[in-house]
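Look at the two complexes coming up: subunit A is in both, with subunit B in one and subunit C in the other.
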Partner chain A sequence: MIVQATNVSRVFPMPAGPVTAVHDLTLTIAQGEHTAIRGPSGCGKSTLLHMLGCVDAPTSGTLLFDGQDIAALSDRERSLLRLNHIGFVFQRFFLLPMLTAAENVELPQSEAGVERETRRRRSRELLDYVGLGPRADHRPSQLSGGEMQRVAIARALANRPRLLLADEPTGELDEATGQQIAALLDRVNADGTALVIVTHDHALAERATRVLTMKDGRIERETRR
Partner chain B sequence: MGVFWAAVVVAAQGQQPPDILVSRQLAEAEGLGVGDVVDLATSAAGANARPFRIAGIYEPTPDPMQLGQVPREVRMHLPDLLSLTRGPDTPAGTEHVDSINIALTDPRDADAFARDLASRMPGVSARSTSNPSFDGNPFVVLERFHLAIAIVTIVAATVFLLALTIMLVDERRETVGVLRLIGLPVHRILGQIFFEGVLIAGVGALFGLVLALGSERLINEFFQWRYNTALIFVRITPEVAATCVAIAVPLGAVATVAASWALLRRGALRLARR
Partner chain C sequence: MRALAFAWRSLVRQPARATLGILGVAAVGALLFDMLLLSQGLVRSMRDLLERQDFDVRVTATEALPGTGPVIDDAVAVVATIKALPSVREAVAFRIEDLSIDRAGRRRVRGFLQGVGRGAVQPWTLLRGGNPQGPRELVLDEDGAREAGVAVGSSITIRASCSAERDALPPVTFRVSGIAAFPFDGPDDVTAATTDDGLATACGEREAGMADMILVTAAGDPAAAAADIAAARPDLRAFTNEQMIGRIEQGGFTYFRQISTVLTTVTVSFALLLITVLLTVSVNQRLGEIAALRALGFSRARVVADVFSESVLIVGIGGALSLPLGFALAEGLDRILKRMPGIPEPLHFFVFQPEALAVHATLLVVTAVAAALYPMRIVARLPIAATLRDEVIS
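Moving on to the complex of A and B:
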């Protein structure tokens, strides 16, 4: 089991009163699992994803990543956990504009202490893997949306994470490009990385082996295939 | 010795008159050269004028107290001066002296000399010209004024620098957010930003010094030309340079880190999502 969430809640203090984004939720993510989280806007999908990715911590309940209680970890420990075990893919790609595609992929490896030649080789392999080998030296501004998302996926895979989290990965892409990204994510999952996707895209969600439908901070329905 | 008026006239060659030295400014103004013989008098009418030979032309020691007054001066031997200025009914040796400058072999003895002179000759005031630290000295007042301006400038520059670094750091908030999401700890990002801050502040300080050194020459040349003096108006000493660097570099680094810290306290997601 990679993630085990038990009675997890996340409450945001607001001027008009506290808002509960995730309410008393229990969930597990197993190794190699392909999970999609669906639901209307504001139902707590992204908040849940951020907690699964150790970006945010629950205000109550227990969230274990590889058996470690996230709430008990320091910021540095959570950072290292993200660096070494979790990959993120976002709707807006979030590539560093001053770096080339290869350098963007190298960055997490560099921070993880991978030596230069090894990380260069791995960056090239990953860019080949996502079909962007020939664009390795291009900067994000020279890439299309789909290409940038592929670089973002390659970057997310750089340190061989056990869990890849994707927040609306096709949200800014046209349908054809979105399907290419979906196919790429399927391949990542098939190669052994657990995948959790938050999406409004019905077609993308249907590719998952497990679909969680959220409403008002709770899991309303769980479907397995 | 009291101020005397000198009427300068190029005289004909004759018996060898006493030697005098003429300031560069006077020589330039009157077209005088070494070897010329001039008549000097103590009245504008030229009464009782006496001839003197110009033995040399000198650059007067710049005196900031006389800024704006072009030093058209003549230096002569004391007996010649007394002889020229003494009235016909004044016996030799009874001349009146207001002040004299005394050059000491070791300038560090000035204070001890002044104390000694004051004890030996009550009523005579002696003070060092090289260390005029008494409160009424205009240059001590001016220096305090400069210090006040410097402090106000540094405070204003610090506020400006902080605002500038906040803007610069804020422009990079998405980058910082991405780095946080990838898994870079706060201290790692702060370290990187601190390094950048020191580097930028160091380069900025060096640029400021180069600019100051260039300006120093331009300012000195302009005002020396403007006031026809050898006075040095601006001087960038190693101490001044070291003080500038010692203030600028830590200030720049601290401003960068302070601005970054304010940013890094926010969550990674808030940073990445503008």
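Moving on to the complex of A and C:
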């Protein structure tokens, strides 16, 4: 088990009163699992994803990552956990525009202290893996949206994470490009990385082996294939 | 990629912003550097000027600066007393009066006439010819010689305007024994110097026993000589060069330091605001990227270091550029300020001191740190999840 969430809630204090984004939710993510989280806007999908990725902490309940209680970790320890075990893919890619595709992929490895030659080799391998080997020296402004998301996926895989979290990874892409990204994510999962995707995209969600449908901060339905 | 390299790429990414910041720091840094040169420049220059002469102690009648207070009336006796002290090697009386030089068919040249007692050391540097030996000899500066059209050995007719003599004095003809440089001469000043006898010839006998100050060369420690003089003539004031500098500082140079302090504060504050604004705008434009980096596992310290490195780069490059700019600006400002009347030619308002460079560097480092504090705080306190959510919504 990679992640084990038990009765987790996330409450945001708001001027008009507290808002419960995730309500008393229990969930596990197993090694190599392919999970899609769907539901209407504001149902708590992204908040749940952020908690699973240790960038947000539950207001109550327990969240264990590899058996470690996230609440007991310092900010530095959580950063290291994310760096070494969790990959993130964002809707808006968030590639650094001043770096080339290869440098963007190198960045998390550099932060993890990987030796220069090793990380260069790994970056080339990953860009080949996502089909962008020939564009390694291109900057994000010279890439299409689909290509940028491929680079973002390569970057997320740079430190060989056990869990890859994707928040609306096809949200900014046309249907055909979205299909390519979906196929790439399938391949990442097939190669052994647990995958959790938050999406509105029905087709993308249907590719998962487990679909969680959320409503009002709760898992309304869980479907397994 | 380390923080500094990362910061460099961030700067290059936005060349207009980076250029604006660097040029701003360069301009402000140049002004700051000049203010630091100005704060001590005049004092340093004056000290250099005093030390370039062979006199270690100056004796005056009161605390007032030479030429601004009462004269020493019994100069001959004072000089004899001082010369007799074992800690004193040489003492000469010094008197200065106004002068005009007659020129055939042309307007008179106005200037100063120094009367200096005979001694081994004189308060001028002889360029050609010899020192005045008799009551009808004088040395003249280059400007005076040119204006009067005279050379060594020529005769010159002068009229002195002396404080001890109310009546108009008759013209007196002197022989030019030499051409000399006077350290306290302004750029267009005409100065002549003669012996105390020569001054009596030009001004009358009453002037002969008076002195604006006594210039003393110590046999050893100037402070010991000054103390001995003060003990021998408690009615007079004896100042070493260092003490004289202190008096001059109190007398007027302190304004330059005050102006310099105010302008230094203003320039540092301006640099601080400029860099803070630039970095804050830059950080706010990149909040999504920074939150994404944090989500990918970049530590808080690392993203803070990135911002700090950007500040260091902007201030470092701008600061390095500010030095040649500051030197050039100081040259120009010095030329302008030296046009003020009565400023001796060798005196400078902006004088390079290694300490000024050290203070300049320190102030810029402090500015870089202080300017980065607010944007670093933004980055350090950035809520990752909320920022990622906001970026998607926006």
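Everything below uses one rule, namely that the second predicted complex is superposed on the first by the 225 of 225 C-alpha atoms of A that agree within 3 Å, B and C clash if a C-alpha of one lies under 4 Å from a C-alpha of the other, contacts with A are read in each partner's own complex, and residues count from 1 in each chain.
Criterion: contacts are C-beta pairs under 8 Å (C-beta built on N, C-alpha and C of every residue); 3 or more make two chains touch, one makes a residue touch a chain.
Note that the structure is predicted; figures quoted are calculated from it, not measured.
Superposition model on subunit A: subunit B and subunit C are shown in a clashing arrangement. After overlaying the two complexes on the shared chain, residue contacts for A:T6 are found with neither subunit B nor subunit C.
Once the two complexes are laid over each other on the shared chain, residue contacts for A:S79 go to subunit B and to subunit C alike. Of the two partner chains, subunit C is the only one that A:S110 touches; subunit B does not reach it.
More residues of subunit A are touched by C (comparison of subunit B with subunit C). When the two structures are aligned on the shared chain, A:E168 is found in touch with subunit C, with no touch to subunit B. Residues 50, 55-56, 75-76, 79-84, 86, 88, 90, 92, 94, 96, 107-108, 111, 155 of subunit A lie in contact with subunit B in one complex and with subunit C in the other.
Against subunit A, in their complex, subunit C makes its touches with residues 1-2, 9-10, 12-13, 288-289, 291-302, 384-385, 388-389, 391-392. Listed in rising order, the residues of subunit A touching subunit B in the complex are 50, 55-56, 75-76, 79-84, 86, 88, 90, 92, 94-96, 107-108, 111, 155.
Contacts from subunit B toward subunit A in the complex involve residues 174-175, 177-188, 267-269, 272-273.
For subunit A in complex with subunit C, the touching residues are 46-47, 50, 53, 55-56, 75-76, 79-84, 86-88, 90-92, 94, 96-99, 103, 106-108, 110-112, 155-156, 159, 167-168, 171.
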